[in-house]
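Shared chain: subunit A. Partners: subunit B in the first complex, subunit C in the second.
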Partner chain A sequence: MKLSILVNEGPYTHQAADSAYQFTKAALEKGNEIFRVFFYNDGVNNGTRLTVPPQDDRNIQKNWSELAEQYKLDLVVCIAAAQRRGILDEGEAKRHGKGEGAANIAPGFRISGLGQLIEAGIEADRLVVFGD
Partner chain B sequence: MPTLHMVNKSPFERNALQSCLAHALDGDGVLLFEDGVYGAIKGSSVSGDVEGKGGVKIYVLGADLGARGIESGRLIEGITVVDYPGFVDLVTSHDRSQSWL
Partner chain C sequence: MSEAKKFLYVNRRAPYGTIYALESLEVVLIGAAFDQDVSLAFIDDGVFQIAKGQDTKSLGVKNFSPTYRALGDYGVTKLYVEKESLAERGLTEDDLMPIIYEDENDNFAEKPSLIFVDRAEMAKMMSEQDIVLSF
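And then the complex of A and B:
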């Protein structure tokens, strides 16, 4: 079955980012297709490459990036939510004059608009929402 | 057209579970996960609400029970413990999922 995932909570907040990751992984391992994972509101904080959790803790951003690489996932961060929280790709960093090396979007993630969430809801058989 | 209701907050923190149970229809399923698993414990001030929904099947995520040290012997009679693959099956076997955030 084709599923889309919406993540509304940041990592290391309560548990929603962990639940969304574990659910997505289990769905893929059972042979389902993940049309898209959309990160909205504080959920965009899952997509910064600058997090440095303790080595004996789970690395939520790295988990997403590795899952994306393994399964060619489409991880989309909402642009308006990302700009407010300082999540930038090369283009956005340049456009806002943030200087060289300011881009911090994690591997496997891309920044796009809310239309991508609407499309994810339309195209998938189920939209599963994780948040606070 | 059964709906899967997903509840991730403790009923002792918010009223999401109570709202959910008030809206759930016969044939629907309710999955308790994250802090929502506290709603699955028998003998609490909210367990009567859960037991009273005869036509609604209640599920609880085993990993989140374990993380909170809740053993299966403490669960309300008739609640089904599922793992993450079981969670996926619940989503695909219901027509839609509703997260009570």
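And then the complex of A and C:
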């Protein structure tokens, strides 16, 4: 089955972020196709490379980045939600004058518009939403 | 693109206090450009999102409620409101903003966008959707 995933809650605060990752990983291991994972609301905070969880805890951002590399996943962070929460890529950091090195988007993630969420719903057999 | 899918945006929370209502509306506005079959549902505290007379001055937060009244211009004309959620909060239909659209298939006659349904009807409408986005 072709699935799209929507993640609406932030890492460590809410189970939804972990559940989304576990579900996506399990779906891929069962041979399903993931069209796209879209991060919205506080879910965009899953995509910052500046996260530093304690060493004896899971690293949610790293888990996503590694899964993306392994399966060539399309991890998309909503630009509007990201900007108001301080998640920037190189282009956005420069455009808003945030200075050298301000970009914090994690490896394997990209920033794009909400249209990517609608497209993810249209193109997939199912859109699975993880939120509160 | 194949035929249009039925998209439902479920609004469950009060308009202020969390960002869910505003960011739901932002998806609706962007999604309107995709020519899909769009509906909105207002249940639980979500009914407050379309309440009349919202005033956010003392909150220091933007009052985005006028945007709901513009949804008709974006082709979003089906706003389902759950009767039980209104009653449980001491609200009536008169406490809500008049939200209308111009029906281009009927000589641009002004028609109400709000559709008042009971819980069972809401559940049935939800079960007929392809995509349900809950905020």
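Methods note: the second predicted complex is superposed on the first by the 132 of 132 C-alpha atoms of A that agree within 3 Å, B and C clash if a C-alpha of one lies under 4 Å from a C-alpha of the other, contacts with A are read in each partner's own complex, and residues count from 1 in each chain.
Going forward, a residue touches a chain if its C-beta (ideal position, glycine included) is under 8 Å from a C-beta of that chain, and two chains touch if they have at least 3 such contacts.
Please read these numbers as outputs of a predicted model, since none were measured by experiment.
Novice: Using the superposition on chain A described above, determine whether A:81 touches subunit B (first), subunit C (second), both, or neither.
Specialist: Once the two structures are laid over each other on A, A:81 reaches subunit C alone.
Novice: Under the stated touch criterion, which partner chain does A:16 make contact with: subunit B (first), subunit C (second), both, or neither?
Specialist: A:16 contacts subunit B only, not subunit C.
Novice: Considering only the touch criterion stated at the top, classify A:129 as touching first (subunit B), second (subunit C), both, or neither.
Specialist: A:129 sits against subunit B and subunit C alike.
Novice: Between subunit B (first) and subunit C (second), which does A:41 come into contact with in this model arrangement: first, second, both, or neither?
Specialist: second
Novice: Among the partners subunit B and subunit C, which is in contact with a greater number of residues of subunit A?
Specialist: Of subunit B and subunit C, more residues of subunit A lie in contact with B.
Novice: Applying the document's definition of touch, where does A:107 land relative to subunit B and subunit C: first, second, both, or neither?
Specialist: After superposing on A, A:107 lies clear of both subunit B and subunit C.
Novice: After the superposition on A, what does A:1 contact: first (subunit B), second (subunit C), both or neither?
Specialist: Touch status of A:1: first partner only.
Novice: Contacts for A:27 in the overlay, against subunit B (first) and subunit C (second): which applies, first, second, both or neither?
Specialist: First partner only, subunit B.
Novice: Where on subunit A do subunit B and subunit C both make contact?
Specialist: Touching subunit B in the first complex and subunit C in the second, residues 8, 127, 129, 131 of subunit A appear in both lists.
Novice: Could you list, by residue number, the parts of subunit B that touch subunit A in their complex?
Specialist: It comes out as residues 6, 8, 33-35, 63-64, 84-85, 87-89, 91-92, 96-97, 99, 101.
Novice: Using the touch rule from the top, collect the residues of subunit C that touch subunit A in their complex.
Specialist: 1, 5, 7, 19-20, 23, 26-27, 30-31, 33-34, 36, 130-135
Novice: Tell me, which parts of subunit A touch subunit C in their complex?
Specialist: So the residues of subunit A touching subunit C come out as 6, 8, 40-41, 80-81, 113-115, 117-119, 121-122, 127, 129, 131.
Novice: Under the touch definition given earlier, write down the residues of subunit A that touch subunit B in their complex.
Specialist: Checking each residue of subunit A against subunit B gives 1, 3, 8, 14-16, 19, 22-23, 25-27, 29-30, 32, 125-132.
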